[in-house]
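You will see chain A twice below: alongside chain B first, and alongside chain C after that.
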Partner chain A sequence: MTAATVLPSDAESLRLRRQGRARRGVQALIYHGLVLALVVVVLYPAVWMLISSFKPSNEIIGNVSLVPEGASWANIQTALNGIGGVSFWTFVLNSLILAVGSVVGILISCSLSAYALSRVSFPGRNVFFTLMIGTLLLPFHVVVIPQYIIYNQLGLVNTFVPLLLGKFLAVEGFFVFLMVQFMRNLPRELDEAARIDGAGHVRIFTSIMLPLMQPAFVTASIFAFIWSWNDFFAPLLYLKKPDLYTLPIALRLYVDQTTTSDYGAQMAMAVLALLPVLLFFLVFQRYLVEGVATQGLKG
Partner chain B sequence: MRHNKLALASVVAAGALALSACSSAGGTTADPSSAETFNPNEQVTLTLTWWGNDDRASRYQEAIALFEEAYPNITVQPTFSPWDDYWTARSTEAASRSLPDVMQFDLSYMREYADNDMLLNLQPYLDNGTIDLSGFDPSLVSAGVLDEKQVAIPTSTNTFSMFTNPAILDQTGVAFPDDATYTWQDFNQFIADTTAAGATTDDGYAIYGSPDYTGTFWFFMQWLLQKGVQPFAEDGSLGFTQDDVVEFLNLTADLRAAGQTYPQDRTVALTPVSGFASNEAAAQMNWDNFLASDSADSGSELALHQIPSIEPGEKHLFLKPSMLLVAGANTEHAAAAATLINFLLTEPEVGAIFGTSKGVPADVVQRDKVEAAPGSIDAQVIAYEESISRDVTETVPIPVKGYGTIEAKWKTLAEEVAYGNLTPEDFAKQWFDEAELAMS
Partner chain C sequence: MTTYIQTVGLVHEASREAGRRRRRRSEALAGYAFLSPWLIGFVLLTAGPMLASLYLAFTDYDLFGAPTWTGLENFQRLFTDPNYLQAWKVTGSYVLLGTPLKLAAALAVAMLLNTKRRGRGFYRSAFYAPSLIGASVSIAIVWKAMFIDGSIVDRISQFFGAEPGGWVGDPTRTLPMLILLTVWQFGAPMVIFLAGLKQIPTELYEAASMDGAGPVRRFVNITLPMLSPVIFFNLLLETIHAFQIFASAFIISNGTGGPAGSTLFYTLYLYQRGFVDFQMGYAAAMAWALVLVVGAVTALLFRSSRMWVHYSGDAR
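So, the complex of A and B:
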């Protein structure tokens, strides 16, 4: 009977439960309200760009409104018409060739060098590894001019070679490092077992390492693709024929402060240029998160 | 992120040019005595580069098509980029001595590249008739001469003018002064009156008289010429003193104090379009060839007037040669390059293709070919340059070494003055310090 005096009555407990739920409800409301407000702030520039691509040029600059007056497809049309007799699709194709080429090159070359640096013991391995890390600290701009002079003397300016050769020679230290770290965390017992079965380096690499490296490959592919897609400076230097231009170069051609600027067309082309990266990211982001997670957890 | 990269890139690029100076001694500069005329049987590919937008690209492509038709053995390989990227790419090429055969060039970079022996001396081709400048004003041609070498030839000319927005003048009810005789003080009064009228745009932004004209180095040079001071001496040193700078900046001191010039923070917010081109200011001084882009940005009809002067009517204007054409000193086809330059400069059809989009053509035949529909922007600009031809009494001040730096410094410091962080005296002192460094 004493328990009855301690326990709240049914009505009381119902009230308490309601109170708790209400408090949680209010908290959730505040939380979601804040998060939504943040989303608006974060997404505003992207939405502004999207909307601006449908506005006439003189309504874009200085106009923060998201409601277009007189929306039209004219800008998209201008962007799709291309520049100086070169079609928009040529720019897309060039960007694609470079992006896909970079991904392929980086996957092949960086995984091979990573295997050498993490699994093969050879004299000077640590020195090479340190040197490779050293290249990460070297700003790109330091090597621009010597590189340009060399490629120019080899007659390779105005080809995709200067932009892709490095990718096939594992020059991108970041990706080598990423893969070395990943491989180091793979259990050595696996390749030792393969070795006992008589497998050589080639067999171990192709049959043991490659299948296990998938998360690292996905991470590397995504970065390589997006970096190459957005790269502006290297194409500016090496690709001087309009029919070799990539999207980031073409998209700046609409805005020139010394002549008239077509901001609408630029926005439209920016949106069009963004779509492939966005799609690529949407499709692969699950793997990206997975890749980062496995790397964090292993070891 | 990208901006950072770009900024870094241009620093590196500037370094590259300095670096290349060391190696240029051994470079090949065409021997003036061996100027050949062009061999019509040799198959040649020329590279041609310019800065500009998509519209300019299609006009150039048209001109190239004409040229290739007239010279079937020459193939022209074009390349183009917007202004900033253009100079990054050029300085990298300069470092490896692989500049394009023919380049569109600007006065402000001319001395830097010429001093490093990057530009071909075109004099031999003028002498042997490959380039025919009979339709040019001689003073304009001489603007492309440095150290007795004809390194560049202007395609067109610009000169200073005052843009006004008639719709805003109607709205505020403030009349623009008589542009033949008004002084800087009259113009200041106009700015003050317009701002004080308190009109606003449809979006509720206040309408001002004009941006502060003291923020632009070229305007300062124009004012110096009116004062009878040559901005730069023959030897490339400065021809003015700190007192001149202070005096110029103080022209608008009262307007700044009263907040009557176009506000700096709004200017920054609207970049890259000016407050004037956004229909928030009644007038702005500018190069006359910018009328097309300002009209496009503002979407309204604009009017051209003369600039104010110190003494009524004494304008002391100069024609600024623009869109100069140069040949890279490393070209292997100098005669063909000269042929292309001549074609772009003097072929009447090319004049018709470009109109005034590169300024008013310097060549008299090309100028006549510009089909300017009455009332069009082309017609307005040409009419303006013709109307002021009597007032063009000065030659353009040829920018000195380090010009890019000192012009940019002027702009940055002027922004500080506009925010009220810097007095004109401090401005003058800091600017002169910078100029000494940049020009040494």
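So, the complex of A and C:
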């Protein structure tokens, strides 16, 4: 038996290979067609919101089309006019102060706490770590009522203190956990070498850990910003004067006030309120998705 | 001479021991100092308030005056309060239906994306996007506009033979509408599933294919068991999360929980009792009841995980 009888001739093998490639091409086409169709369905509500904000109100409800007949900035204009005499930009500024404040608070408090939990050995460390994980699973409603009573007695309702204090005290265990996981993966030899050179914990934390923590800080900052930006419950409890409202609360008031027919302005305001989040997503999607994949963070 | 050396040795030993102790003490001090933000936060904002609300749960308190001790009255009232029972009905159905559907969607799409084809990164980001914005007030408003009378969804459901009319005003259709909203946010668990699927060694599939196992057998006998720790993680987080839905229900019903109590979710009712009616004691009892139920569900999930979650050497 010669090889020629077993192996297909050159021409035939070429034909088979071409056939295989064609079949794979068709498969890829079907695959991408299917997945893209799914992407369109999933992103439809977001795109519809975006397009609707440029449509006249009577063209929104029941209009499936994503193509506006003649775009107009009228809705955006109406939304930017603000609510009840308070400028739209006041709401933006309030949301911004709280979001930036949360980021700063969370970065400082959670990195310090995470350093203790991952790099210093002291009695009770494991107990504290377990308690911290426990707070992740705890419905926060059980602490909200006494917190409100105390803030109310201290006259801190209608200030930003109730919304920011917790961020500076590492109450959001997710971020502590994220940073602990990150620090545990940094090589221990670094601190040991620094220790031999006589560096204390403060030196090790500031000159070794902080520079290496950048990726974790970026992920934490993005999530801290977006969560604070979208938060509804806490601002609803503590901010009761329109000039202190954040965007979600203002948006809710707006929907409440306007007669249901002005959907255009509602959509415009909804889009404006989400704009920073959408921008963050476009710029930092890598960090966000990787953050979820590795830390199991909630979006 | 020898005694001198011995003494020196002992002194040495003692001072080394003292040094070690000192170092350990300074190490502990550093630990507590670094942990102090979290420690203070835990005592002041978590543990303290938890105890305070446990106390309040046995009192009647309206924010003015002092709480008056009423014993078990709040808890007894819970069992006879039709709104409270309705809140459990709504929340329970939401958790039991929404979470499995969301995870099924997440796993299905993750399987679809778990290939070496091009565009994987783009698809992953696109499907993740709703998770980032889904719980916001903006999306709740959009959802409402998409489901009201004469809306897109109304038209589509009419096309499939449903009665005309919006979903927002129909008590039988508000829950499905909110379940769809949570299923829409399948992206976050999907990303976690994808990371888990990548960890499964391809040799397992190759070996199974060689033994003649079809795609269904491979899914049931390889994918599911190898992925079970990740499934457990997602199930736990999503379940606990689902109990706490608030903003979307609040916006869609305008804070009322209507129509006919069909969106009276647990946290919404708690908000109404605590922060609209200022029945702080009753709301605290509700909060503790929620903690107990969520705790029991968590314990149950952990207990059951022993039967279906497989931790093999290199998985996870």
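To be clear about the criterion, the second predicted complex is superposed on the first by the 251 of 299 C-alpha atoms of A that agree within 3 Å, B and C clash if a C-alpha of one lies under 4 Å from a C-alpha of the other, contacts with A are read in each partner's own complex, and residues count from 1 in each chain.
By our rule, a residue touches a chain if its C-beta (ideal position, glycine included) is under 8 Å from a C-beta of that chain, and two chains touch if they have at least 3 such contacts.
Please read all numbers here as calculations on a predicted model, not as lab measurements.
Engineer: Which partner chains sit in contact with A:168 here, chain B, chain C, both or neither? Use first/second/both/neither.
Structural biologist: Only chain C; A:168 stays clear of chain B.
Engineer: Could you tell me if A:284 is touching chain B, chain C, both of them or neither one (first, second, both, neither)?
Structural biologist: Neither partner.
Engineer: Looking at the overlay, does A:121 come into contact with chain B only (first), chain C only (second), both, or neither?
Structural biologist: Once the two structures are laid over each other on A, A:121 reaches chain C alone.
Engineer: In the superposed arrangement, does A:32 touch chain B (first), chain C (second), both or neither?
Structural biologist: Only chain C is touched by A:32; chain B is not.
Engineer: Which partner, chain B or chain C, touches the larger number of chain A residues?
Structural biologist: Answer, by number of touched residues of chain A: C.
Engineer: In the superposed arrangement, does A:132 touch chain B (first), chain C (second), both or neither?
Structural biologist: A:132: touches chain C, not chain B.
Engineer: Just chain B (first), just chain C (second), both, or neither: which does A:160 touch?
Structural biologist: It touches nothing on chain B or chain C.
Engineer: After lining up the shared chain so the two structures overlap, which partner does A:141 touch, if you call chain B first and chain C second: first, second, both or neither?
Structural biologist: both
Engineer: Would you sort A:262 into first (chain B), second (chain C), both or neither based on which partner it touches?
Structural biologist: A:262 sits against chain B, while chain C stays out of touch.
Engineer: Can you pull the chain A residues that chain B and chain C both touch?
Structural biologist: On chain A, the overlap between the chain B and chain C contacts is residues 61-63, 139, 141-142, 144-145, 148-149, 152, 230, 232-233, 236-237, 252, 255-256.
Engineer: Help me check something: in the complex, which residues belonging to chain A touch chain B?
Structural biologist: Per the stated touch rule, the residues are 56-58, 61-63, 83-85, 139, 141-142, 144-145, 148-149, 152-153, 157, 230, 232-233, 236-237, 240-242, 249, 252-262, 265.
Engineer: Going by the contact rule at the top, pick out the chain B residues touching chain A in the complex.
Structural biologist: Listed in rising order, the residues of chain B that touch chain A are 2, 5-6, 8-9, 11-12, 15-16, 19, 47, 49, 51-58, 60-61, 77-83, 85, 88-89, 92-93, 95-96, 98, 100, 203, 269-270, 272-273, 278, 292-293, 296-299, 357.
Engineer: Could you pull out which chain C residues touch chain A in their complex?
Structural biologist: 27-28, 30-42, 44-46, 48-50, 52-53, 56, 63, 109, 112-113, 115, 117, 119, 123-139, 141-143, 145-146, 148, 150-152, 154-155, 184-185, 187-188, 191-192, 194-195, 233, 236-237, 240-241, 243-244, 246-247, 250-251, 254, 267, 270-271, 274-275, 280, 283-284, 286-288, 290-291, 294, 298
Engineer: Help me check something: in the complex, which residues belonging to chain A touch chain C?
Structural biologist: Residue positions touching the partner: 28, 31-32, 34-35, 38-39, 42-43, 45-46, 48-49, 52, 60-64, 108-110, 112-113, 115-117, 120-123, 125, 128, 131-132, 135, 137-150, 152, 165-166, 168-171, 176, 200-201, 205, 226, 230, 232-233, 236-237, 248, 251-252, 255-256, 263, 266-267, 270-271, 273-274, 277-278, 281, 285, 288-289, 292-294, 296-299.
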